[in-house]
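Both complexes shown next keep subunit A, but they swap its partner, so subunit B is in the first and subunit C is in the second.
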Partner chain A sequence: MRHIITIAKTTLIESIRDRVFVGLLFFLLFLLGFSAYLSTLSLGDVARIIQNSGMAGMALICLLVTILFGAFSLYREEERNELYVLLNRVPRPAYILGRFCGTAMIIVIFSLISGSALFLLTLLFGGEPAFGLIWAVLWNICEFTLLGGVAFLFYAMGISFTLNAIMVIGIFIIGHSMTEAVESFIALGRFGSPLHMQSVKIISYLMPNFDLFDFRLEIIHHEQLPLDLVGLALLYWMSYLAALLTAAGLCLKNRDL
Partner chain B sequence: MQQTTNQSPPILSLKDLSKTYRSREGDVKALADLSLDLERGEIIGILGPNGAGKTTAVKLIMGFIKASNGHIIFDHKELKAAETRPHFGYLPESFRPNPNLTVSEYITMQYNLTQSAAVKSSRRETGQKVTALLNQVGMTSFSGRRIAKLSKGMGQRVGIAQAIAGNPELLILDEPTSGLDPIGKSEVIDLLLNLKKEGKTILFCSHILAEVERLCDRIGIIVGGNLRFLGKVDDFLAQHEADNLDQGFKQEVKCATS
Partner chain C sequence: MKKSLLLTFLFYLAAVAISYSSQTWFKNPLRDDLRLEPPAAKALEYLSLDHRGLLADILFIRAIQHTGSLVWKPLNFALDSPWKYAIMDRVTRLDPRYYNAYLFSAMGLIQDFDDILLARPILERGIETFPESWELPFWLGYDFYLYQNDYATAGHYLLMAAEKPNAPKTFFALLLKTLNRQGAYHQAQILISKMAANQPPGRTKIVYEKKAERLKHLARLQDAALLFAENEKRQIYKLDELLQSGLITEIPTDPLGQSYYWNEKQKRVVAGKKNITQDKK
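After this line comes the complex of A and B, so read on.
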């Protein structure tokens, strides 16, 4: 546990001091400012537009955070030969877990900053407090920590950084279109028997299904979040993340470095 | 200073250590049946041209790669690949510490990693240990400086400080002077000589012969993955009827590759 905490703390400190961190922070503020500007141009519901575009900006920033602070930092550590020094003292699965916890903390920081800024913008421009944004922050954290877990697994498997980044972006896109794709195919009647249909649905959950964390409409329209789906999403997140990190730890343990 | 004695059991034993890499073109034997005993308190230098198998040997000892064959025994216990080596201090080749941390933060982090869960040292005790480590490598006045702002030589001193954090019984240093200017090299050699005086056991890889001659009690020469010689520098020179290590080493490499 001590090893995990030390590695996580170091990951957080080195990331916060990185120039990329400040760059991403400015980019985030620019995106949120732009969403506020967009809302002034529209005739529609200002608060809704700010929240909608702001949440998209938050997702984009967190995707970059996952790739740059999650995946890239691991490769950089290996390139500096620092990985070997750490793995002399820290068991490989603990190293993965520590690094992951540090990256998760950065995702939490960015999500909280985005959520708070969005809350203020909605209040200023829309004139109403959007408390539902707390949920948006939570789902954003779930989604990108899961994606971070995927990046860590690819690293542990020995995949190069470029391929890792491409595959993470690919999985992010696929994970957001999986439910829609399966439903479209079902509607078109492409899957013969009900058993066949059911198995395709199950398979769609094997690839990270980020649609489970998408409560954007409910949040924007101030609707009650369906508790059964919230429970399912949290359970899915926990079990999927645990599986990803266990697999990453095992892969790194069995890999020649 | 601890004397090298052949009566005491070796601190580290390598027995028939081999590594073969499989590729489409066929198997590549990076290291073949390396056997050697490292006595307590001695400095052994592993010499060899580029690609000879020195780093492979070090990576095998450290457990970063799995051996195709052979055993590594440390203090009567067989070591397995992918396990941590808490009793070893390690400095890899071309090591660059985390540039976003200060010297003191970095050494504190490394020191904390060497501490077992059972031993809980207070912040004050850790601070004192870190100061002592920095003092040992002559970096006390740079403790608050970011590593990114240090010269290569200073970075290497930080590397040595992290290697000796936790007071390891054995130090494994892979090309500790590579990429350094003559002053930096001399500083690192002096540091290693001080560690030798303190009785540390050191396994040291290099292809710079002068520093090996100055530092090591024994040398091992690896060419093409095979250990060609293991013994004292004087014995090596006598065997090759050479005046210096450079001359003898060239003869050995020529003989091995012809």
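After this line comes the complex of A and C, so read on.
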């Protein structure tokens, strides 16, 4: 446990000191400014547009954070030959877990900064306090920590950084298209090949399903989030993440470094 | 080093100056805006990566810009109604609870007479999604009244709007006129009785009560005329025929001092001054 906390702290400090951190903060600022500008083009839907574009900006920033701070830092450590020294003293699963916790903290920091800035913008320009954004922050954290878990697994499997980044983006896109894909293939299953339909369904069960964390329309319409779905999504997040990190730990343990 | 920096700056300044001058001297011609056919709603859902609200907002802004730009563009730039309603269809499919999008489809977006026919399916989905809203059926009814002169459809939607909770009473007069024009006397009588009941005692209340009485008469005479047409397989020429056939016992007196007669053109009983030429017939 001590090792995990130390590595997590180091990851966090290392990331904050990185110039990319400041760069991403500026990029976030630009995205939020753009969302405020976009809202002026609407017909009285200022708060709605700020929230919608802000949530998209939050997701984009966290995707970059996952790739740059999550995956890239692991490869950098390997390149600098620091990893070998570290792994002689720390158990490999503890190293993966510590690194993951550090990255998760960065994701939490970025999500909280974006969420608070969005709240202020909505209040300032739209004139309404959007408390629903707390949910947006939570789902963003869930989504990108899960994606981070995927990146860590690919790293532990020995996949190169470029391929890892491409595959993470691919998983991000696939994870957001699961519901639509199954819906599209329903007709195929009914009128075409049931085998295709079943294959799509099986893939949708196996791949990370980010659609479960999608409550964006409910948030902008100030609707009550269905508690059963919220519980289900959190349970899914916990179990999938646990599986990813365990698999990553196992892969790294058996990898010949 | 300094020289190089200065040179870089000077070259950049020159490039900016050339760009500015070219845009000032050779002004871009005014062109029609780019309107790509929107993909199917399902494809857009894929593309949005679960940011359906944002995509709906962007498409909505495009429709607003297209409509708004025609305020200042010369007349040879026409409004693309099928395109703008295809966009609004996608907007409301991406975010089915986007109330303002439905409202805009029935208000700001209506520019041509037939636009309401394109807006109708979108608004009907809106009415289904927001069953408590009086505005959506009201605007649909209003547009059918104003642009299509289709009083039957207008009356249907205006009556739907009037029955919604929180519906203001201000448009009841329009509804009454629509119901009268389409000959829906029963519905008009119920409506004006409600209006009379909501009025404080006074002159207006008396007028409303008299109008309610007139509509009650018209409804009764109209029903009798329809029954006559069903029995005799022809329309009546005069209301006296209803008396002769025993369908009514008397022709009631109009409480507003006019008379009731059969209008051949409208094929219904109306109140007012009878046309002499029609009488000669």
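Assume the second predicted complex is superposed on the first by the 239 of 257 C-alpha atoms of A that agree within 3 Å, B and C clash if a C-alpha of one lies under 4 Å from a C-alpha of the other, contacts with A are read in each partner's own complex, and residues count from 1 in each chain.
Definition applied: a residue touches a chain if its C-beta (ideal position, glycine included) is under 8 Å from a C-beta of that chain, and two chains touch if they have at least 3 such contacts.
Just so we're clear, the structure is a prediction, and the values are computed from it rather than from any experiment.
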{"item": "Partner chain(s) touched by A:Arg2 [first = subunit B, second = subunit C, both, neither]", "value": "first"}
{"item": "Which superposed partner A:Ile49 touches (first subunit B, second subunit C, both, neither)", "value": "second"}
{"item": "A:Asp256 touches, of subunit B and subunit C: first, second, both or neither?", "value": "first"}
{"item": "Which of subunit B and subunit C A:Asp18 touches, first, second, both or neither", "value": "first"}
{"item": "First, second, both or neither for A:Thr10, with subunit B first and subunit C second", "value": "first"}
{"item": "First, second, both or neither for A:Ser177, with subunit B first and subunit C second", "value": "second"}
{"item": "Partner chain(s) touched by A:Val90 [first = subunit B, second = subunit C, both, neither]", "value": "first"}
{"item": "Residues on subunit A lying within both footprints (that of subunit B and that of subunit C)", "value": "none"}
{"item": "List of subunit C residues in touch with subunit A within their complex", "value": "42, 45-46, 49-54, 57, 60-61, 64-65, 95, 97, 100, 104, 108"}
{"item": "Interfacial residue positions of subunit A with respect to subunit B in the complex", "value": "1-3, 6, 9-10, 13-15, 17-18, 77, 80-82, 84-92, 253-254, 256-257"}
{"item": "Subunit B to subunit A touching residues, read off their complex", "value": "59, 62, 64-66, 82-86, 88, 90-98, 100-101, 105, 109-110, 112-115, 117, 159, 162-163, 166"}
{"item": "Subunit C partner contacts - residues on subunit A that touch it in the complex", "value": "38, 41-45, 48-49, 51-53, 55-56, 59, 172-173, 176-177, 180-181, 183-184, 210-211, 214, 216-217, 220-221"}
